[in-house]
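Same chain, two partners: chain A is paired with chain B first, then with chain C.
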Partner chain A sequence: MYSLIVKMAWKNSFLRPARTLLVVAMITVSMSMMLGIQGLYDGMAENMIDKNRRSGSGDITFYAKEYRVQKDLKYRIKNASAIKDELKNMQGVKSVVLRVRADGLLSTARKSSFSFMQGIDIKEENHFGRFSEFLKEGEIKLENGDAVIGLELAKKLKLHIGSKVVFSTQDVMGEINSVALKIRGIVQTTNIELDDGAIFIDIKDIHRFLGTSSGDATQIAVVCKDEGLIGRLQTKYGGLDVKSFLELQPMMKMMQDIMFIFNSITFFIVMSVVFVGIFGVMYVSILDRIREFGIMLGLGMHYKYIRLQIFIEAMFVGLIGYLGGAIFGAILLIYLRDYGVDLSSFSDALEMWGYEAIIHGTIKISYFTTTFVAIITASLLSVIIPLRKIKKLNPIEVIKAEK
Partner chain B sequence: MFKFALKNILFYRGRSIATFILTFISSVLLILFISMQDGSHNSMLKNSLKIYTGAIEIYHKGYRDIGGNEYLIQDTKSIMEKLAKIDAIEAFSSRYETYGLLSNGEHSAASMVAGVSPNKEMVLSSLHLALKEGKFLDENSGNSIYMGSELAKKLKLHVGDEVAFVGGASDNSFAADIFRVCGIFKTGLFEFDSSVSFLSRSYFDELMYAKNRASYINIKLKNLDDLDRVNSEIVRIINDKNLESLTWKTLMDTMVEAMEVDNIFGYISLSLFLVVIFFVIMIYDFINISSRIKEFGVLRCVGLSKKNIFALLFYEIFILSSLAVVIAAPIATCICYYYSINPIVINGIAEMYRDYGVVSDEIPFSFSIPTILWNLSIIYLLNFLSILYPYFYINSFKPIEATRHV
Partner chain C sequence: MIKLQNVNKYFYRGEPREVHALCDISLTIEAGEFTLLSGPSGCGKTTLLNAIGALDGIDSGEIYLDETEIGSLDEDARTTLRLNELGFVFQAYNLVPVLSVEENIGFVMRLRGFSDEEIRRRVLEVAALLEIDNKLKSLPNTLSGGQQQRVAVARAVAAKPKIILADEPTANLDSNNSQILMNMMRELNEREGISILFASHDELIMHSVRRVITLNDGILINDHKL
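This part shows the complex of A and B:
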């Protein structure tokens, strides 16, 4: 009985093939477009968050109390090396780096700009966040007065590989001090603060330049595997300002939330309109065959079998549309992930915003599962009103009625 | 044919209502979306122009790309005399900008220090309106410095405090002086507030050896719509190959480009809704038309041509679209107008997006009748396209065959 119902449902799904194919095309096109847009927007946000995490604060960051407000060397962590060693031995900690930062003025012979010098240990930074992957031009070399500079700052000062610059700032004694540096590399981290204002030198050189001791740091950044670690660290290091990535980057959190809300609203609206489309076709399809259903009821077929047949019909249409959408959507997502959207002609604007000129998408299984549930639900819901019409049918009247 | 179409619309009510509702929704959605997008972009540009950047700025060629004292404008006075002859210019003034270190005790910070003519600046920019504490500069304010709020915070300075300055003069010599803070401003542009300070040119020129020299000349127009025409006139009147006159479109090219990118992403999102709605309208048209094949067959048999059939379908969709648009357009226009005067306020959005040049929590809508008309024409176009497939479908039947269609 059931196999007969499935066969009938399948055949009836294609009773008016042009109509069914239009619905399938609608689901396929809207679903694949929606998946592409979701993947692209999520990819943009995730890429930005990932690179900000790797180049900046990691998962957890330590500052001395007051440092984030004052940005003054006076508020540095004086026993940073010892804390770093303790952290490295903790369970769940993957990597720890120390950084020293000083705000000042970066000048060429012709131009000047506000900037900050960041002392880093390149080996540890590579382990921490694959810093070398941010290289855009030149090489990552931080020896004997060599420096690496953020992309936007280099653009602002018209700097190239080999350019010489002078960085002036106040040292730990409060004296104005300057250092000459040679640009060896230009990096794009997509972290706006770093790209706009950072010049990176070796941490030992910055200690020498600022007069700080080798165990000092203005920032300790931690990459960890354990999400609960931050609570323990905040308790243990109560004298320090211990913050999570999203606490330090509320804009990223807001961006994630906005993307989620935007994608949810888009999803809801698109699925509602898709529902209207399926409903129209299923409603007309059932009305067209109202005599047929009357005869079936007249012959003694139970209403529940007719209901099942119609549900299966709707599911077939939805399922075929979903499969089309999933295939085209997956192709689109793979393309966006592997090749991205090349917006090089707008590179200045995108780089100013912290994006790369080629924007890559991402693929999540949840795109397919949620869409599957939504389309099948929309398909099944779309036949409820037509089914109520069938339920109220008087078989004899329907059979007698003019077609 | 028009009357016939009208009757069909009333007869096939289900399809008519669905098409009407979907067209109405897509019209309102499109108008509001574009209005909000344009409005927020215009607001960002206006805020930037109002604060400091001029509608037109004149530079010595090479100053922006290479920089350095040899690219300063050397004879500002003669250029200003020429500019005074152009009626369309409301105000103009020269500015001298340099970078230096400001120090207060153990605190120091890099700053762009600009020499401005305070009286002219009050017409050219809204710097004086951004005053938070103290007072704005005047022509005789001597060594008074007008400083961004974030910079003052960084240097722990208050109105009346002294601050030391070290920088380079226009002849490449060292320049150093003590300034007194006369006022603190807050524009909302974070980078600007944390890095810029101003002095009166009469004092600053002496210190920087910059009399009759300028980094650039800033020009405000009576009517911004005359931008390109006035710029051409300036180029003609100045007639100096070493100078370049640039409009805000070039001066803020990155921001203009950023808005184009934002538009692209906006259109991508919007296109998804429009495509889905287009499909649904087409499906309803198709369902309706495929149930009338017999009717179309009879019409063809009694002498109606394919053109007449197309006209009939066209009138049907035109009437339905027009009905939806006639109701949607005034509603959407009123909403746009209301929010263009009373912008939506999202508290904290400026603070959150300060790195992106957002200076206000307000999101104003743009109110532009040509843009609304352009949006509505897209809706019409999509609706007209939606009848093409159904039209070709009915034409695939021969008239006799169509009359027998079940």
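This part shows the complex of A and C:
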């Protein structure tokens, strides 16, 4: 009997092929567009988070207590090298870097700006977060008075490759010191703090400049595979301020949440369209065939089998639309992942907020599984009202009406 | 087999336009009978047929199908009763448009859970009897009215119900097709032993049946065997 019900459902789904195909096309187009938008939103957020993670705090960051409030060299981690060696040997830790930061004033002959100097080991930074990939202009060269500068800071001070600057700050003894630097490269990390205010030099040079010991650091950043590691590190290094990426970058968390809200709204709108589309086609289809259902009831077909047939019909329409949407959506997502959307005409505004001018999408299996569940649910819900009409149907009225 | 005791049915009960559609009807129809419910339009034939077919309720009295009192059954049990015990032939054929003739004939059998082999064998048998065995793969909308009505009869007969209720089965057919259909139904009645109860005012049916029950204004006024 079930094979008969499935057969009737399939044939009835295409009783009016133009009407059904219109709804299928509507689901296909709206679903593939929704997948594309989801992929782009998530791609924007993930790209920004990834770059912030790679250029900044990693997954976990260590500071000395009070450093994040005072930003003073006296709150540096004095045994940072030893901690780094311990961390490197820990299971789940992929990479560790030490950084030394000094806040100060960066000046050219005409302009100056508050900024900070960050001492880094370029070899380790490349292993940690592929720092060289952030290069926008020039080269990554940090030795012997050479420096690399953040894009927005360079724009602010009108600096170019080869420009000379002076950075002044207080050293570890409290004395004001200055160093002359030559800009060799301009980087864009999309980490607003770095792009707006950082000038990078070699970590050995900054130790010499500030008078700190080579084992000291203001920050230890860790990339790890184990999400549970932070708890163990917080316990082990209780004397330090151990923070996760999202604790240090609440903006990123907020951005993730905003993207989730955007995606949810888009999802809700598209599912409403799917619901209304299937509801419309099923409602009209059932009204068209009300006599047929009345006769079936009259012949002794139980309501539960008619209900099953209608559910299957709605599912066929939803599933075909889903398959179309999934295929076109996947093609769109692959295109967006590989080629992205070029928003170069808005690049200034986008870069100011830490976005790249070319936005690449991302692809997640969850897009397809969630949409599948939602479309099936929308299909099933959309026939509840039409089914109530059949439930109330009196076969005699239908038979009489045909006389 | 079918026994009606003091059956009463009202429409618009309690309203000024109240109609007493069936007035104290009592009768018995034995197994294998070939009977007509006759009378002018609006006399209550279809109402009585629907009551016997568990399609409609009554206001008082009792209707027994063998030992089962139909009025005491809930909607679900009535549906099961219609499926297992009764066959229906309607004026407008009412075939399932997306199913082939073969599938339409086997429709009730499939609902009742007969095996594929049983259905196939029985469909061929009944289709041959009704001379539609060359149309088994056709869709209903490709058949003439007479052929469609024969498919409807085949559907009613295939699952071997205790009784077939046929409401104006010849109303949409010309006299030639009506005659063919009646001959076939009579043959089915004789060969299969299935009781058939018609509701019609067609003279042709009146001359084919063996018993005529006449109603007028909901009252049984005549019941005679031919």
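Keep in mind that, in the parts below, the second predicted complex is superposed on the first by the 398 of 403 C-alpha atoms of A that agree within 3 Å, B and C clash if a C-alpha of one lies under 4 Å from a C-alpha of the other, contacts with A are read in each partner's own complex, and residues count from 1 in each chain.
In this text, contacts are C-beta pairs under 8 Å (C-beta built on N, C-alpha and C of every residue); 3 or more make two chains touch, one makes a residue touch a chain.
Quantities reported herein were computed from a predicted structural model and do not represent experimental measurements.
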Exercise for the section: In the overlay, answer first, second, both or neither for which of chain B and chain C A:F268 touches. Expected result: neither
Exercise for the section: Once the structures are superposed on A, label A:L299 by its partner contacts, choosing first (chain B), second (chain C), both or neither. Expected result: second
Practice task
Return the chain, chain B or chain C, that is in touch with more residues of chain A.
Solution key: B
Exercise for the section: Check the residue A:M33 against both partner chains and state whether it touches chain B (first), chain C (second), both, or neither. Expected result: first
Exercise for the section: Classify the contacts of A:F260 with the two partner chains as first (chain B alone), second (chain C alone), both, or neither. Expected result: neither
Exercise for the section: Could you say whether A:Y339 touches chain B, chain C, both of them, or neither, answering first, second, both or neither? Expected result: neither
Handout entry: Partner chain in contact with A:S168 - chain B first, chain C second, else both or neither
Key = first
Exercise for the section: Figure out whether A:N12 sits in contact with chain B (first) or chain C (second), or with both, or with neither. Expected result: second
Practice task
Scan A:D72 for contacts with chain B and chain C and give back first, second, both or neither.
Solution key: first
Handout entry: Common ground on chain A, meaning residues reached by chain C in one complex and by chain B in the other
Key = none
Exercise for the section: Name, in rising order, each residue of chain A that touches chain C in their complex. Expected result: 1, 4, 7-8, 11-12, 15, 291-292, 295-303, 305, 395-396, 399-400, 402-403
Fill in the blank from the handout: Per the touch rule, the chain A residues reaching chain B in their complex are 16, 18-19, 22-23, 25-26, 29-30, 33-34, 37, 40-41, 71-72, 74, 103-115, 158, 168-170, 174, 176, 192-193, 250-251, 254, 262, 266, 269-270, 273-274, 276-277, 280-281, 284, 288, 343, 346, 348-350, 352-353
Problem - Parts of chain B lying in touch with chain A, wherever the complex brings them together - result: 18, 22, 65-68, 98-101, 103, 105-112, 154, 166, 195, 253-255, 257-261, 264-265, 268-269, 271-273, 275-277, 279-280, 282-284, 286-287, 290-291, 352-353, 355-356, 389, 393
Handout entry: chain C residues touching chain A - in the complex, by the definition given at the top
Key = 46, 50, 55-56, 76, 79-84, 86, 88, 90-92, 94, 96-99, 103, 107-108, 110-111, 113, 155, 167-168, 171
